[in-house]
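Common to both upcoming complexes is chain A, partnered first by chain B, then by chain C.
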Partner chain A sequence: MTMPVLPPGTDTGPAGATPPRPVHRLPFWVNQRLGLLVLVIGLSALFGVLQPAFLDARLVLFPLVRDVSTLTVVALAQMVVLSVGHMNLAVGRMAAFGALFAGFGYDRLDLPLPLGLLLCLLAGAAIGALTGWIITRTGVSSFVVTLAMDFALLGLVSLLYSALTENAAFTSRPSGLAELRSYSLADICVGPVCGSPVIPQLAQFTVLALVGLGFLYARTRIGRELLLTGANPAAAELSGIPTGRRLILAHTLSGLLAALAGFMAAVGTGTFRASIGDDFMLPSFLGSVLGGTLLTGGVVSVLGALLGTSLVGVIRKGLDLLGVGLESLNIYLGCVLLLALSADRVRTVVAHRKVVRST
Partner chain B sequence: MAVAVLAAASAGCTLKNSGEPAGGRGPASARAGGGSAVLADGSATKVALVPGGAHPYFQPWKSAGADAKKTYRLGDVTFDETAEWDQQKQNNLLSTLAARGYNAFGVFGVSPTDINTTFADLKSQGLAVASLGSCPAGRNEADFCLSTDVELAAYKAAKAAIDAMGGKGTIVHLTGNNVDANTQLRIKGVARAVKETGGKAKLLQTVTDIDKDLQTAQKAVSDLLTAKGKQIQGIVSTAYNPAVAAADAVKSSGSRAKVVAIDDDAKILSSIKQGTVTATVVQNPVGQAEVGAWALALLQTKQCTMRTPGRSVDSGSFVVTKKNVTTYDRARKAKTGRLKKQFADDVLACG
Partner chain C sequence: MNTIRDRRERGAAVLRRFSRSTTMTLLCVVLTGYLALGVASSGAFLEGPSIRTFLRYLATPVLIGLAQMVALCVGQLNLAVGALGGFTACLMGVLMADQGVPAGVAVAAGVLAATAIGLVTGLCIVATKINGFIVTLGTMTILQGAQYWLVGTRTVDGYSAGLKDLGRAAPLNVPLVFVTALAAAALLAAFLYRGTAGRRLLAAGGNPLAARLSGISTDRQIVLAHTLSGLLIGVAALTATASLPGVNRSVGGDWLLPSFAAPIIGGVALTGGSVAVLGTVLAAFVMRLIDAARAQFSLDPSWVNFLIGVVVLGTVVGGRIHQTHLEKRGGSRGRVPPAPPPNDPRPTAVLPHPGGSG
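And now, the complex of A and B:
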């Protein structure tokens, strides 16, 4: 589901007016997402052979998929701002900010689970919108504004938790939260047929985010306008696209998704606390960029974010299971990721040469 | 939209576990005591000692765990510090270790407010679990907690500093992550000691979030002494890195502030001998790992059960000054021996 913007002037008019030039498509195996999928499956199989416990549904695969679900939403939160050529360095703090509101809602307002989630999403969207508004109004780069927002939220969130709670966390758990954390599709049955014990129910939010963003970028005018704004802001402006509003929209979506990830992380660990999202920034870039989203804007890959995040998750879990120590684990993780990215580049170059030779 | 789909899914499908409690098995019923707390056969017990992340405080766990493996002939004892101070990563690490066959866990939870959920998960899988080095906030879901009473240790440290200052003056408190339940307890402990002086001693400032690494702590302490050095008569550090930084800074700046540090880093001990650090509050990580691994093996083999599931036991904290700097380890070893007896007599019920 990679959505690039067509270059300005690309003729997509009716066929037959002029004989189209032969299009030399790259072979199917150059597809980055296919490469990632093969890597994820191949590495899973390899780890499964080296350490059969890797295939343990309850102890390994269920927590792995739950983590990947959360980190995929984090990657999507970064992807939407990358699509307009911006970045969000405050993605982790926005997650903590959203989770703070959910925790407050459950602890102080006795809200039911869905309403707390709604409050969390609204808070995330609001802080994202404010960030986007500041960027468009001041013209300061997103790097600087989101970095400043990161610091501001770090202080604000800590201050609010210290003021509102005794243990720097909201520990109230609304009805349904424990089930959302620990239940899988195996707990949902239609007649005698139950789902897989590997897929956590928490993953429904990730699926919704993937489907929603996939639809936005592939099927809607606004999605295309977001990509065009990222590919060439000046051209987008001259084409009549309200680039300012599109930038605010991208940051609003990023804040909303970050807050959703914060909620999922809180559900995954048990309480709503200030340290949620501390480690989100690196995975947010890693997942989206590994998946094929360009840092320069204009190209996103919604499915790629899922596959990129899955690849990192599988490598980390596999190395953990093989008993690799902390220092070695990070070295191996770095090497494997470098190989994955290099392999993709090599594949593209080889395929491109083949196409050139064939013409 | 997510909520709507969740509601629709719930309405259309049946929940297999809907009638069951989510927390897992209930607390083990305690049997009458009188049995032997000598481990009969620990060869099937594989103990994992899992700190919240890499930190010098936990290094004694490694050797104490290896010693416990030999002494009690346990199947295995591993020490894994790859949690990187992230609760999610620690949860993953614990489930991975369980998949690798470890069946008894001594865990320092990253987040005291979240770790109970993790303990409940592990216990629901029939594993023996102890909270070592730190107790969860609220009720403890692990079989037991063996840890320093952090509020008491901070109180002792502040009291030692105030005594060294002649019962009056201004102190500062250096500590770790502000949004951590244990830090809040340490802040309470120091505040209690200050309050007891009836206004003679004052707390000038509590500096938090400086235990990330030594460099951060050094910078913070240096800034503090530059800005307010003349007002400060006492420095209480309840975190490791600021303690080392304060010991260095006071020595190099010639400050007359009375420093009370934490733990027994070589630098701190030598500063105590030289008189630049007044005292340090030493904890008992060796006792936590040794007694923890032994008690976990007794629980895992079902040789014993907990008399009161979730009970917290103080692993001990000792004020070390110039007077007892060469002998304090004896007191610590004696405490470890007493801890073992306490577990055998009062904490465990062995058949």
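And now, the complex of A and C:
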């Protein structure tokens, strides 16, 4: 695949400097994120009323927020590839792959906590870049390539764990890991003011990822180019965007975020083992798609990924506390996914008709 | 009027084309692999009991590969393959063991339920216009929950001995479940290659716009494909229930990845409009061979996943290299033969035999 390497003429200017206001804006209640926010708050309140234990900071909310932080990063990993119109089915396995390197670093190389995290991120980015490279070089659909990558990593990670460890898990913990796992903002005090006991320290990585991606997509040229590549690859190619490189970048970022999520999941459970990321695929799509990211590419919502994941997390936890069996939760979650998307579709169609009628 | 000479020439051309197809490569791989395994096990692998076991556990992969292939041929995906299969198998088991329903009725109910769920999935996709990927992701989640709700953590094994006997029966060392799978494949091939409905399905997958312009309802084809997919999964669940010692919540958990691997290795394009029934069956054979080899050399089960992943990646990359090579050769000859378009999604194995009555 040949791609023009020359940057487009300077006369185009930074994209999105002065966004032209759309003439007919859709009504505000079509905003998916607002609906999600209302749903998350409303459902939390409802569960809090039905089951007061839901608002227990230490036993319920703290683990809930920790899970949501991890799964938000997973959803972001999926969102980045969705933004270029691709998919990453290997998101869970890339997480396991990254966590394997972190565990290896701590166990064998006696690395300190930050260096192990760095190694983990590098490994994730490398495997993501390899995936992206295969996709761009062969031109085969990302679905197939990441599916095959999922197979290959599923086998490889288990093989490496059984080759490197006795009981298929790295258990040695560097100093600081236990603190990272159980400390919340309440343990950080500036003078007499302490943070909330609900927000875990692990959430710092999520905030970093959210801010970083938000900046990338909203403010930088590369972010715009990623979106254009997803919306219309041919047009992007013709307007001088190196689409191949942007695709590889998207997959690299996805691998990196997946590895970060793997690290967070490993810290959350305390051990580095092969089963990390087994159940990442569904939440990755749930979070990003509920948040308003389109599967066809070109539209992302960074904040939506957080809100979508929170909604799923709240529903899961709330139903669990109300005594719904942990596994039959899946029935409800699937229904929620389908209903939410159907409702969204209805809303868009109705709003569109209104706008059309008013013109 | 056809002279014998003409016929022979045409036959030779068909043979030549066949010898270069994915199917032929797969056939060679299967035969070599099987013989190599036979030699490596000093003949034990070529004896009756081994063949019986080999073929018995081949039935389900063949059927789920075909179920996925039908969805792929209209450009859809079915992520609910494993969940629907597991749910149906558990439904049959529970109906027979707990409710005392006779085996025949339970099996019919299970297959019908799977078909109905496929139909509902298709209708859901068409009615809401949500991407099929997301809809089947939703149904997958729902069905996994339903499967757990049916059986919980227990293993249901107290069901009809007759069905289990049928599952174990193997006249001439060919298990009945495998014959069932082959029969399903043959029927599907006849439907897709010879029937008008099958041609419509392929047309809708290959070029939805052109299909719509020529009077084919793509919506109806999508519903039909998902219904057929559900039916095939129902049959797969039947073979699984008959050949397994019991059903529990883990049935179907590892079906999703093989269901995609078989059609992809078999040469089906994910973009729709192409099918390769024989290729899919042979690809399931190859994967079963890898599994058998793993058992033969008592390796870690993880090797199977790793190897299948590498094989799929290799198929994908190799296919691309082969195509580029063909294009280059076509170009150097001065473009005398009409070179295939660069992104032709249809492999040769897809085209029906010339002269097939529609």
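Note that the second predicted complex is superposed on the first by the 312 of 359 C-alpha atoms of A that agree within 3 Å, B and C clash if a C-alpha of one lies under 4 Å from a C-alpha of the other, contacts with A are read in each partner's own complex, and residues count from 1 in each chain.
Note that in this section contacts are C-beta pairs under 8 Å (C-beta built on N, C-alpha and C of every residue); 3 or more make two chains touch, one makes a residue touch a chain.
Computed from a prediction, not measured in an experiment: that's the story for all the values here.
Student: Going by the contact rule set out at the top, does A:289 touch chain B (first), chain C (second), both, or neither?
Tutor: After superposition on chain A, A:289 lies in contact with chain C alone.
Student: Answer with first, second, both or neither: which of chain B and chain C does A:239 touch in the superposed model?
Tutor: After superposing on A, A:239 lies clear of both chain B and chain C.
Student: Please work out whether A:220 is in contact with chain B alone, chain C alone, both, or neither, and reply first, second, both or neither.
Tutor: Touch partners of A:220: none, neither chain B nor chain C.
Student: In the superposed arrangement, which partner chain does A:329 touch: chain B (first), chain C (second), both, or neither?
Tutor: It touches chain B and chain C both.
Student: So, A:183: does it touch chain B (first), chain C (second), both, or neither?
Tutor: The first partner, chain B, only.
Student: Touching A:158 in the superposition: chain B (first), chain C (second), both, neither?
Tutor: Both partners, chain B and chain C.
Student: Does chain A have more residues touched by chain B or by chain C?
Tutor: B
Student: Scan A:321 for contacts with chain B and chain C and give back first, second, both or neither.
Tutor: After superposition on chain A, A:321 lies in contact with chain B alone.
Student: Check chain A for residues that touch chain B in one structure and chain C in the other, and list them.
Tutor: Correct list for chain A: 158, 162, 325, 329.
Student: Mind pulling up the chain A residues that touch chain C in the complex?
Tutor: The touching residues are 87, 134, 137-141, 143-145, 147-156, 158-159, 162, 282, 285, 289, 295-296, 325, 327-335, 337-338, 341-342, 345.
Student: Would you pull the chain A residues touching chain B in the complex into a rising list?
Tutor: 51, 53-54, 56, 58-60, 63-64, 67, 70, 114, 117-118, 158, 161-162, 166-169, 171, 178-179, 181-183, 186-190, 194, 204-205, 208, 212, 260, 265, 268-271, 273-275, 278-279, 316-317, 320-321, 323, 325-326, 329
Student: For the complex, give me every residue of chain C touching chain A.
Tutor: 77, 124, 128-131, 133-135, 137-146, 148-149, 249, 257, 260-261, 264, 270-271, 300, 302-310, 312-313, 316-317, 319-320, 343
Student: So in the complex, which bits of chain B are touching chain A?
Tutor: Within the complex, chain B touches chain A at residues 1-3, 5-7, 9, 12-17, 22-23, 54, 81-82, 84, 86-89, 91-93, 95-96, 98-101, 111-114, 116-118, 121, 125, 137-138, 177-181, 183-184.
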